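Order of writing sets the chain letters: A, B, C, D and E. Residues in each chain are counted from 1.
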Amino acid sequence: MNGYLMEADGTVTATTTDAVKQNISAGSFFWLDLIDLDAEGSDLLLNTFHFHPLAVEDAEHFGQRPKLDDYDDFFYLVVHGAQGDGGGTVEVHCFYSEKFLVTVERGQCSQFDDVRERASRRRQQGARSNIMLLYRIIDALIDSYFPVLAALDEQIDTLEDEILAQPTEAQLGTLFTMKRSLVGLRKVITPQRDIFANLAASDSALPGMTPESERYFRDLYDHLIRISDLVDSYRDLLTGAMDTHLSTVSNRLNLVMKQLTIIATIFLPLSFITGFFGQNFGVMISHITGWAAFVFLGIGLQILVAIGLLVLFRRRSWL
Amino acid sequence: MNGYLMEADGTVTATTTDAVKQNISAGSFFWLDLIDLDAEGSDLLLNTFHFHPLAVEDAEHFGQRPKLDDYDDFFYLVVHGAQGDGGGTVEVHCFYSEKFLVTVERGQCSQFDDVRERASRRRQQGARSNIMLLYRIIDALIDSYFPVLAALDEQIDTLEDEILAQPTEAQLGTLFTMKRSLVGLRKVITPQRDIFANLAASDSALPGMTPESERYFRDLYDHLIRISDLVDSYRDLLTGAMDTHLSTVSNRLNLVMKQLTIIATIFLPLSFITGFFGQNFGVMISHITGWAAFVFLGIGLQILVAIGLLVLFRRRSWL
Amino acid sequence: MNGYLMEADGTVTATTTDAVKQNISAGSFFWLDLIDLDAEGSDLLLNTFHFHPLAVEDAEHFGQRPKLDDYDDFFYLVVHGAQGDGGGTVEVHCFYSEKFLVTVERGQCSQFDDVRERASRRRQQGARSNIMLLYRIIDALIDSYFPVLAALDEQIDTLEDEILAQPTEAQLGTLFTMKRSLVGLRKVITPQRDIFANLAASDSALPGMTPESERYFRDLYDHLIRISDLVDSYRDLLTGAMDTHLSTVSNRLNLVMKQLTIIATIFLPLSFITGFFGQNFGVMISHITGWAAFVFLGIGLQILVAIGLLVLFRRRSWL
Amino acid sequence: MNGYLMEADGTVTATTTDAVKQNISAGSFFWLDLIDLDAEGSDLLLNTFHFHPLAVEDAEHFGQRPKLDDYDDFFYLVVHGAQGDGGGTVEVHCFYSEKFLVTVERGQCSQFDDVRERASRRRQQGARSNIMLLYRIIDALIDSYFPVLAALDEQIDTLEDEILAQPTEAQLGTLFTMKRSLVGLRKVITPQRDIFANLAASDSALPGMTPESERYFRDLYDHLIRISDLVDSYRDLLTGAMDTHLSTVSNRLNLVMKQLTIIATIFLPLSFITGFFGQNFGVMISHITGWAAFVFLGIGLQILVAIGLLVLFRRRSWL
Amino acid sequence: MNGYLMEADGTVTATTTDAVKQNISAGSFFWLDLIDLDAEGSDLLLNTFHFHPLAVEDAEHFGQRPKLDDYDDFFYLVVHGAQGDGGGTVEVHCFYSEKFLVTVERGQCSQFDDVRERASRRRQQGARSNIMLLYRIIDALIDSYFPVLAALDEQIDTLEDEILAQPTEAQLGTLFTMKRSLVGLRKVITPQRDIFANLAASDSALPGMTPESERYFRDLYDHLIRISDLVDSYRDLLTGAMDTHLSTVSNRLNLVMKQLTIIATIFLPLSFITGFFGQNFGVMISHITGWAAFVFLGIGLQILVAIGLLVLFRRRSWL
């Protein structure tokens, strides 16, 4: 069993089952932060905390949708955050009551180190709001989306410029990957937003919730709306970028074909003329022999046709 | 009449009309699981159970929308699941009251064997919650969607890679088939989700529903939301894949046309020059006879033109 | 005035104004089924039945949106069905009160013959529920959509296969026609669905409505939801088919262009070589005369170039 | 100040400030119909009627969204209609209380002449419902959309046929113009519909509204829903037409390219053969001299190649 | 600390902390307009006004979503306007209570100069409605969108014409930029609209709100709906313009390819014929020697083929 156990006074101690039991029996608020729930951890949740089997089962299987379930004696909350390196989402399961906060995370959330350190310091200084600790954990997770979205914003902008400069197939792959990660983000942001929308309105208040702390939770909701708006607008922009790609490629194709057509339209007639005078008709060979014939028919005619075609192209404003 | 009849104590016996009548008169809860409703079965439902004709008519015709109808003396519930081999959906019609559970399925639901076995064992051990039996049946059906969706997810990913590598027409057919099956899934998932959303909120509680079992039904709702979210996001990704296909093909076309244009732009002028010197003008034949003429006009000019065009292409960064 | 008049006891008599007046004064329920409202019919509705002018005006002008209006002393209901031969919709206007049911239809609804016959038989046998008569009429109209939709389903499937096999312009026309008829269906199905959704919930119950008959009307609502779901999913599939058509054509174009490019890339250089040796330079004609020159330059060089290009194509996996 | 003043008894008199003041002091209902609000008109509204400055300001600036504002002592209503010649929308501002109806219109609404004439006649005959006068004015405006929409419907149909027959760029311009006018229609229809939806439900009834006249206003709502449905479905069809255009052009392109490819695939190899036998190799000229050589190599080979290619094309079903 | 301080009587004085403190202790309403919140300003808000830290933190970080937060002793309102030169949005944070209005803006809002001047004059004349001052500030911000939208409207129109005249890649860039700025506008307009929608309905009225001033705020809501409608319709038009671009380019490509195909279809067969008679078969050279052969085979055949092809093209209506 791996993790951190912060006691009511802010001291962080070992996360043994005994230490947890002691804290429970002491009855003062503590924060147990478990990393990668193992068998011992599951056992602790089920048999020491006596959490509902459904909640423990969910905590054991990551990949849950963000949700807030009220289990009478505790609240079960699933929150997602963005991974620092932009690769995916971080998923944290919280069991919260007025006596404890248990968080279960997959891997180690880098966002929590900072929260733990500050919370420890605050508690040692006497500031011991439990609900604000929960707020700070969720806040850290939600704020982790902003740098990821800012990076996406920039990426879309760059990609759009690149597409207009030179559309390639690699860009299509990037567009699809970005769309996929936006779809993924949307899937965790929307339910999260709805949870915090209802939190303010609902009467099933989290224990320890005060009008003051509610303000902070409403601020979280505000951030989630902003994130959700951003995700929607990036989605729109990606669709636009895909359309731009298609249109740009079509445009390029048009230009290439115009060039081919110009070349063919000039040289096919000219080649026909040279072919004509390359025919082996006896009369032609024996009669068209002088300099005049060569200059007028062999050279002049060609130049005339070429000039005529160029004039035609200019008129159609193709050149 | 084909199926299974599980009595209150968990024993599974023959599904004869008499056995059913006995169980009804005994008054203890039993589960009748009918496979492919035949005339005898219909008769049983109508005349022994005295179910409403509308409900029996629906049960006789598969292809119903998921729904929950309250017929005063029993509930009529239609639930869909995914077929194990991904080929389509499984449709189960349930008649549920506090005295019995009657399920009608087309073909044999492989998901039910496991449920029946466990339920039988539990009942023999004394655990006899009727509503939890219903829960387990629905749970088995709903959980059958997850492997199908996971397979779809992988398929979309593979397809996207294939499209970017080499777009073919077969992929378009696959995309359309996948879209069609998603449209089909959506058609059964959405109403199912709505049923379980209302179940929690409604006052017309299923008989035997306790706060504890309600938690489990709310968990079903949770799963259905997740499935519905997945279906929506795959739909989005399929549209994206279709766009990628079109754009990739356009891009390839552009490359092919560029190559054609380069070839034509180089060789049409060169052919014109060879054609020019192949003309049968007497003066040309009789005057352009020396080595110098051949080297300068016949070879040098050609090389010059070819080099000139290559330089031009490089400048336009076409090569 | 053309139509059918069914009296309370199920006998069908002539539809004269006098017969109607007699029935009204008799005070027992009757069904007047008018086909193509003429001046006499309008007069009957206005001056004998004393219907509200707005309702009669609507009944005179077909092309109404499905709706249910409560005119205090009667209900005015507009319902649409599908024409048997799939060509369009059938529109029926019903005036319903506890004393009568008046239906006005354009042309003769083939769906009604069957309803009338059965209703007549039932009434003669003593089963005289007025609200169930209304239900059966609406049921006949709504069920008429299913074969039309099944035909559409099959048509989309066939079309999709045809598009993948060989995209043509005729398919585009068919796609557009199908989209148009779906748009038309949607326009009448959605309001119809909303009417029956509200019917169950509303307190302005139709006269004669019992909990039992309400069940049947809720079943109508169920059917309408199913139809509406189908229409939406076909719409989705049509859009998909249009995209497939465009992508398939693009793909074909790509293949055609590849072939053209291969042909041109092989034969333009070869033609250049033959052109080269067809030039009339004196030195060339007088020096390149032996068999060796012909075999090496005239034949060998050509084969070499051709083989080189084929190898190149194979490497790019074009052949 | 230009317009019409209809007094309570139906007589239409001059629209001078004095006449208006007289009517106000008389206290009987009158209709003042102002055309193009000038300074005198504004002054009348502000200082004689004592309308709220915000309402008068709105009336002075056309381009308002349809709305219904309750200014305690009068209702301010903005309604839009379609111009008879299909060119745009007509905007009418109404100030309505139980004592008067003031309408302000830009230009002269051709729809009003008829309304005024009939209202005048009715009033002279003693029928003096104020609310029905308002109804008739709005009805005239709303019904003006139907011919415009019918024209659009026909235009879409014709356009679709033209696109399938021969796609041109002019059609794209027409499509865009139609889309723009639909977007414009939608912008005025949707809020108008919402006004009349609320009118029925709201408790802030217009003065003089009776259950009977409410029926008429509900009929207006009905018409607006129908118009709104039509606008939405035309929008759908226009998008479909745009897709059809793109697909048709792509298809034509494909056909053109096929033809080019066939021509090139036949004549490039043939030209290569003629080029081959046009080479000036001494051995070739001196040895290939007989009739047999000419017939077999010069003619037979060509025909063979041509036939071979045609067979190939037929097999690929290109011809 | 930079800004303007308007006292209750309309005089504008220096914005020092002392002056603010004096005004607070005086207890009469004043308007403090801060430009670019610096450390001193933040300190003033936190420690002199005692605003909630969350509100001050938001005010320090621009880029907030429009919102209205009720902090018991004051309201915190974020409003966005358009920049005069169309480049982006202006963001203003307002702290409003019955005792003061504090506005914080980034850079200097050009819209405020006019508001300040008029408010000062009005106050000196004795008109001192606090809520109307807030209204005028918001009104100035919201009205700043209209010229920006009018410019967009014209730009879309021009662009559409340009695309139909000659589609270029630069237009695609412009389209994308416009789409992006519309997405940005939408992101600030929608929440702003929702704030003012609720303002009218809510019971948490702003201090000083009267039925009269509420009318003005409802007018703001009206404007925001109009702006929001415009943004949506422009979005639609931009999508349409993108489609038109793609279709136009495809159409042009089709025309170019038609020309190429015509040229190739005419000259490839002709070149083949000249090539044929340029072959060096002895029998051909020695037998086809007369004038007749030259005229019929060398010239007549060519003209015949050319005419034949032209007739063919005309029949297919290609020329």
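What we mean here is this: a residue touches a chain if its C-beta (ideal position, glycine included) is under 8 Å from a C-beta of that chain, and two chains touch if they have at least 3 such contacts.
Treat the numbers as computed from the prediction; the structure is a model and nothing was measured.
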Partner chains shared by chain A and chain C (touch criterion as defined above): B
Cα-centroid distance, chain C relative to chain D, in whole angstrom: 24
Between chain B and chain D, centroid-to-centroid distance (C-alpha), Å: 39
Of all residues in chain B, the ones touching two or more other chains: 246, 250, 253, 257, 260, 264, 268, 271, 275, 278-280, 284
Order of the ring members, counted from chain D so that chain E is second: D, E, A, B, C
Chain A residues within the chain B interface of the complex: 52, 54, 65, 67, 69, 71, 167-169, 172-173, 175-176, 179-180, 183-184, 186-187, 191, 242, 245-246, 249-250, 252-253, 256-257, 259-260, 263-264, 267-268, 270-271, 274-275, 277-280, 284-285, 288-291, 293-294, 297-298, 302
Sites on chain C touched by chain B in the complex: 160, 164, 215-216, 218-219, 222, 225-226, 229, 233, 236-237, 240-241, 243-244, 246-248, 250-251, 253-254, 257-258, 260-261, 264-265, 268-269, 271-272, 275-276, 278-284
